[in-house]
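Below you'll find the structures, each written out as structure tokens.
You will see two complexes here that share subunit A, one where it goes with subunit B and one where it goes with subunit C.
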Partner chain A sequence: MYVAVKGGEAAIANAHALLADRRRGDRSVPALRLDQIVEQLGLAVDRAMGEGSLYDKELAALALLQARGDLIEAIFLVRAYRTTLPRFGYSNPIDTGSMLIERRISATFKDLPGGQLLGPTFDYTHRLLDPAIAGGEVPAPITREADVEQAPRVTDMLGRQGLMEPDGDTDPDREVGDLTREPLDFPLDRDLRLQALARGDEGFLLALGYSTQRGYGRSHPFVGEIRIGEVEVEFDVPELGFAVSLGRVRVTECQMVNQFKGSAKVPPQFTRGYGLVFGQAERKAMAMSLVDRALRAREFGEDVVAPAQDEEFVISHSDNVQATGFVEHLKLPHYVDFQAELDLIRRMRAEHDAADMKEAAE
Partner chain B sequence: MQTQTSLSDIARKAMLDVLAAAPSRALAQLWDAWADKPEHSKVRGPEVGLVMVRGRAGGGGAPFNLGEATVSRASVRIVTGQVGHGYCLGRDLAKAEVIAVIDALWQRDVAPVEARIIAPLQALAAAGDQKSREESAATKVDFFTMVRGDN
Partner chain C sequence: MTTTAQYNFAYLDEQTKRMIRRAILKAIAIPGYQVPFSSREMPMPYGWGTGGVQVTASIIGPNDVLKVIDQGADDTTNAVSIRAFFAKVARVATTTHTSDATIIQTRHRIPEKPLGQGQILVYQVPIPEPLRFLEPRETETRKMHALEEYGLMHVKLYEDIARHGRIATTYAYPVKVEGRYVMDPSPTPKFDNPKMHMSAALQLFGAGREHRIYAVPPYTEVVSLDFEDHPFTIQHFEDPCALCGAEQVYLDEVILDDRGGHMYVCSDTDNCEERRAAGHVGTLGMQEAAE
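And now, the complex of A and B:
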């Protein structure tokens, strides 16, 4: 049976007009400006950039406004926008070691070169709602003379003593996987996993990271270091013949240090998980590093026994735009499919009734 | 592709780095104050596109694709023949075009560009970075050990 699905145009148009009205809300309340969102809802902007996989604060702010604050909808909008632009190329890898550091902490060493800088953190706040914040007046932050001391990566410090698994070899000829260009083909190399995790859903990765702590693929993690700050993005410009900086982006990096691995040839070393995310996104970077370590199970010859260690399961379900697309498509008209199901169940029930009658007759 | 970067390339890179990092408004103000702006024709753009930003596994290992960033770029030729290129993060076509014109001017005559545009932008950037460092420094933890009374 063919069921025509037509006649929704006016309803759709009116629904969109109603959405626009509700988005704007009470007209006596001033409309939000994008710069207000960028400045005052910065971490929501960062999340839309990170999971939208596109660094552009104004665009992310526009997406948040258009999505009425629905983060996944905003991420969807950002992802859709990026498909409209040409790709100029790939940057040189950013150097988090030469970051302009805003926050840098280590849970493994108290005294480390460069020190522990708390930065703009929610840690140690009392989590008591403060109505005064709505007033808007805030004193300027305290300043103190800055050290000239460099802040080396904690993993490099332990690495020099041989106690830490090194960053790994870099083969300059090896092509770097790009999931925006090629469909994923399991099993993946770590570069593709890291790309997928960097844009993966924070909630999903947080839950998986948490599951490893609760015993589902235990890896005994410590935060070697978290650092947040700005790094230069260098790009090889063909017409110039050399690389120039395009400017700086803010990123969050988490080095998770995990329990040992060794072999007959290599003495025991700490192993590592890595998290790197656009913007200030500490929870996401930590979750990413836990899941990155869990997904290295095969590499270390560990039994894959927990969800967080199952690469295909994790990476196939970490993208919230894909996930929401498939879940939310269920609300679209399925009239024909459902008609077929109805026919089927009526036939099954008829057969069931016929069998009952036959049984009763015997 | 050049195998060796010349001294003038190094200076040009340093100049372009400063311009890319400059806040749009500060750059526009300095450029507004530039008296004898050369006429220029557009060779390419200005246009907006994407650059895939890469990180390294563990911070120093194999590269991976972190995510994209919007980038504006422009190439221009000024009346005296020099071709300039401008690149910067974000969707700011005017900024990319101004950078390209300044790049062309710099090739014609380094000193005035350095003095009237690059030096003030460098000072501005240095002051901003210093302020950020000092704000973070105030949140540095000064550990001290309590003296125990039992020995």
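And now, the complex of A and C:
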């Protein structure tokens, strides 16, 4: 009998043993190695790192394996590990302008300094299932010398002509907020908002970004630029007096150029929507930049009429680890509360029946 | 990758514990006020007691004796899981006996046996804001608390009476603490509300996903909201517990067959067991003894 779940301890242990068995699956099939996951399921690893807010491919791969491929569960595992790590300090801002570019496209200019570089993209592939992929060998890639040409950011080029709003007016000496160390306090500044979006659920942000395109908080966006590649992470060491490199991380940056805004004092200029995500995560970076722009409605004096423009709504619900926990907690026992509701509804029905009887008798 | 992860006593690092303890002290100083704190990801999901676990982890010491209940019972799956967590990461003694525990973490119930001085009751809270379902915006509800503007809550309760002839809130029934803050007692049945009033124990509330901690210090006034002509009442059960014969306790309905057969048993399993050990027997109690 389920009552009070007698022997809960043994039941839990057994369930977890079964889980471990199902995770491994048929023992005659070779077990996945972490390097196989890192190399061949790279975008899943990237998503676990991005939304898990921890740049470590091997750990993300382990999380994916342990989660049986369930991405949100993997993200949860990564987050729960991340939160136990000591905090030594904050790195310097990364410079995406000097990125080692693997992919870089602009939808606003046909050609531009640094050129258009398609890189490893699904774009323009025909989505036909390819049986040759399963077990097939892929020829070694052809390589050539990298171009030395610099690829300045599109928004910087527009900015120099005064056509693009400046990149925020935050004091560079101001300490950046940290949503993992301080409770969120609405309304948020843009730094915290971008942090929340960067670790926000890809599907949720995708749907919200999509909604702005369909008229719920329209912002007339153009992809100024998407760039994917490695950037150096530098850390100021006070004892040394200069910054040292901690290594490189791959990031995806999306700069959305949105319709202009002007006022009596400021001439018309384009406005920005910004997306930055760990790894190769173009869909997420684009959705993030759409939502970032939508959430700046208040700043530009636009009417807040659509869900994507509503900061409390978006940021309070964008974290999939929180969302999945609370939705799934409904499967925990609630019989104490349900009993209270049962009791009330029975009393109300009894009164209702008594009133009916009385009416019939009259 | 590191081989075996090393965790601090009671899982949380000391800086985090200090941050949470500060929030707890502030909460005790302002009874019923929701103190924001920087909730951490815990190794169990949000909504499954992470707030309570963080509070417990911050206050527990090696000599504490911990009891964990869910729905009043020590052996429900989530209570078992949380108790096992602390037994593992803090190696503290655990108990199912209410009177032996120094810290009791609970979800949805307050033990039947009155708590004493020195005991701490830690509630797991899903939605700490009593006004949330009347006003979804945190920026607004914060203002309402600051201005002590609770008219909306009274209107809601009044509308219940107009529509149903009674206040239709049966659990998470709002209370006013020390004449100032309206507080959500967590989703305990309103049956338990009177136990909060002037309790000798310290009551701490943790909401992990919502980043809030609040408290009711010992011997604090906790009054359930009502109207003069519709005074607050608690649930009353017609039958006593079928196992131990207890009356004036909260009961769970257990379905026995698909023809409407059911029985009522104590929700507080420890209270029920102690009563049966003391010789109390309900209508179906003999069967239990024979098993």
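One rule holds for everything that comes next: the second predicted complex is superposed on the first by the 346 of 362 C-alpha atoms of A that agree within 3 Å, B and C clash if a C-alpha of one lies under 4 Å from a C-alpha of the other, contacts with A are read in each partner's own complex, and residues count from 1 in each chain.
One rule holds for everything that comes next: a contact is a pair of C-beta atoms (placed from the backbone, for glycine too) under 8 Å apart; a residue touches a chain by one contact, two chains touch by 3 or more.
Source: prediction; values computed, not measured.
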item: Room on subunit A for both subunit B and subunit C (clash or fit); value: fit
item: Subunit B versus subunit C as contact partner of A:Thr170, first or second or both or neither; value: first
item: First, second, both or neither for A:Arg79, with subunit B first and subunit C second; value: second
item: Partner chain(s) touched by A:Glu9 [first = subunit B, second = subunit C, both, neither]; value: second
item: Partner chain(s) touched by A:Val321 [first = subunit B, second = subunit C, both, neither]; value: second
item: Which superposed partner A:Glu341 touches (first subunit B, second subunit C, both, neither); value: second
item: First (subunit B), second (subunit C), both or neither touched by A:Glu58; value: both
item: Which superposed partner A:Glu359 touches (first subunit B, second subunit C, both, neither); value: neither
item: First, second, both or neither for A:Ala243, with subunit B first and subunit C second; value: first
item: Which partner, subunit B or subunit C, touches more subunit A residues; value: B
item: Smallest separation in angstrom, by C-alpha atoms, between subunit B and subunit C in the superposition; value: 5
item: Residues of subunit A at both interfaces, subunit B in one complex, subunit C in the other; value: 58-59, 82, 86, 180
item: Subunit B-touching residues of subunit A, taken from the complex the two chains share; value: 49-50, 53-56, 58-59, 82, 85-94, 96-97, 100-103, 110-111, 115-119, 141-147, 153, 155-156, 166-171, 174, 176-180, 190-192, 194-195, 198-199, 232-233, 235, 237, 239-249, 251, 253, 255, 272, 274, 276, 278
item: Touch list for subunit A against partner subunit C, complex; value: 3-9, 11-12, 58-59, 62, 76, 79-84, 86, 180-187, 312, 316, 321-322, 324-329, 332-337, 339-344, 348, 351
item: Touch list for subunit C against partner subunit A, complex; value: 1, 5, 7, 11, 13, 36-43, 45-48, 50, 70-73, 75-81, 84, 107-109, 126, 136-139, 164-165, 168, 170-172, 187-191, 209, 211, 235, 237, 250-254, 265, 267, 269
item: Residues of subunit B defined as touching subunit A within the complex; value: 1-2, 5, 9, 12-13, 16-17, 20-21, 47-71, 73, 75, 85, 87-91, 129-141, 143
